[in-house]
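Each remark here refers to the structure printed beneath this line.
Labels run A, B and C following the written order; every chain starts at residue 1.
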């Protein structure tokens, strides 16, 4: 049975480790030094425009057990995928994407470099996700403005933004650089860079400077206290992003102060 | 090992395609031209009243990898099940049920024809789901009024209703025909046909005519703009449902106007 | 292939039943009379401090198909794990833990006796969960106070507390004995024993005595009407907990009445 499981058409790099009962389909290109866990399905056939397109997995990647990746997607080096995640066709991701377990990426999504998804993140088709974004458990990026409609208005998440646990990002929402969507928030519309958004109505309640942890002194933007969690290659991008977000925060602080003064 | 995996007692139709390492238990009846993906468990033994009852899967069905279906359930023709979904015992579904990935159907549920669940839908026991219903990701249909209590008050969803992302439908809720439960809403009580329900308090904020997409002109009821997504056999039911929902909407518009006038 | 799947270093008790294609790693100790379903991964290697530590599963346990348990965790007798659940390293659980399907336990968690998780429960690292707790679908116990920060402030759930569907428990929250977190609530801070917490702001709206089901007369604390669902060994603990929670409820009722009178 084992011979059937690994397509002879797949291009498998050097020093690739496959777990037990891994299924590898035809249009697969796996980079060197990659590890794939038990019971994974790699290169699952896709329909439509991505049919027969390659699944490209960069070198030094780790994909944990029971995960399913479709053909027609590509990932840079150092991909990490947790257990039991599903990634459909049409995802184009940069380097060092790390997604947790039980993720559900519907496909047709552009993802930057050094992006992090925790467990159970749902990404609807049409999303555009910048560098260094964080998404936490049970977040849904939606795309249908009046479901069911067949319309697709994907979500855009600016570089360095964070979407927290159980938040829903409504269709067509544009989240600015470094913005923070709090837990159980329903985010919508155009959210300026550096904004702090909270609650079912998705109100902007201030800037991310409000996010300060008294005991440790750590404060957003997170680039001041969390940069060490990223690889060396990411550091200059983090520094540049930090400056841009600080500038956005300054601007928004002034706008909010002016709005308050005039009301 | 392969011979152990497929019970000789299972009734498997013509032209059925099984993926790698599919497990098929005894009380299974699979219709012709069905496809079952890798690592599925089909006909998992059930306890209680459904023990030893058949799992019936209609012809032309597709069940994707890593999904688990228990014995004691039945599905009409053209079933679609995504990856890594779990369907327990006691589900009775009509034709062309389409459910996505990571669904969790607890069992004891009646489901009409042409019903659509997106990913990660959780259906608690005792639910009754009408024809042409739509449920979106991370929705939970609950059933215990004061958990944990052992009481079961299933949810009823009227034909053509839509329950949007991350909504929770509280125990015993009855959702009328064509009603729309918005994202992250906590729905409760008796919701009239054609109602639009929004927010953590589950308020009725109007009728579904409010759901209009300016750019495209598409507007609810969805039967005007989304009927093409269903098979030919569904069209007369959609037309009849459309008329019924329009009538419900008219009635509710008048009621809400009268209530507003008197307040 | 089968021989590779089961490590000869694993300690497997008497009368243990393994499903098809179960993978068992080295540092595994499985108690007698345990059942493990198809496609499970048992004793998955962990990193960090738990690397090489045993996974201990008590006797008479049942773990359903497609589930994954890491090394470095221990579970008392009569463990139940549903399908497609993930339990990482560093979980120390008492007897008769029952978790449903699609659970995601991140690790580093202490769990008491007779605890129940429904489907799709997400437990972040650092949680401390008392005896007889209930958690319902799509609940997230978080741990990062200003994500992403690398800080970890785990959640504490007191004995007999219940966290309902789609609630989020914010980092560092301490939930008192027998408290009840309603569906879609965002719980935070120090929640007194016997409190009823509702809504996105996590307000205490009264005590759990408000949770009364008219038709059946069942009322919280649940120990009055739900004790029969637990095994005989749990009954004296339930009785003692009931008395403690009643005392907390009395105290809180008086506090809330005093606060109301003074406002």
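Brief remarks on what is shown
Throughout what follows, a contact is a pair of C-beta atoms (placed from the backbone, for glycine too) under 8 Å apart; a residue touches a chain by one contact, two chains touch by 3 or more.
Just so you know, these numbers come straight off a predicted model, no measurement behind them.
In summary, the pair chain A and chain B forms a contact in which the copies contribute largely different residue numbers, shared numbers making up under half of all those used.
Rotation angle relating chain B to chain C: 120°, from a CA superposition, given to the nearest 5.
If you average the CA atoms of chain A and of chain B, the two centres end up 28 Å from each other. Multi-chain contact residues, meaning those touching two or more other chains, occur in chain B at positions 1, 21, 39, 66, 84, 102, 120, 138, 166, 184, 200. Interface of chain C with chain B (complex): residues 1-2, 19-21, 37-39, 65-66, 82-84, 101-102, 116, 119-120, 134, 136-138, 162, 164-166, 183-184, 199-200, 211-213, 216, 218-220, 222, 225-226, 229.
Residues of chain C that touch chain A in their complex: 1, 4-5, 21, 23, 39, 41, 44, 66, 68, 84, 86, 102, 104, 106, 120, 122, 138, 140, 142, 145-151, 166, 168, 170, 184, 186, 200.
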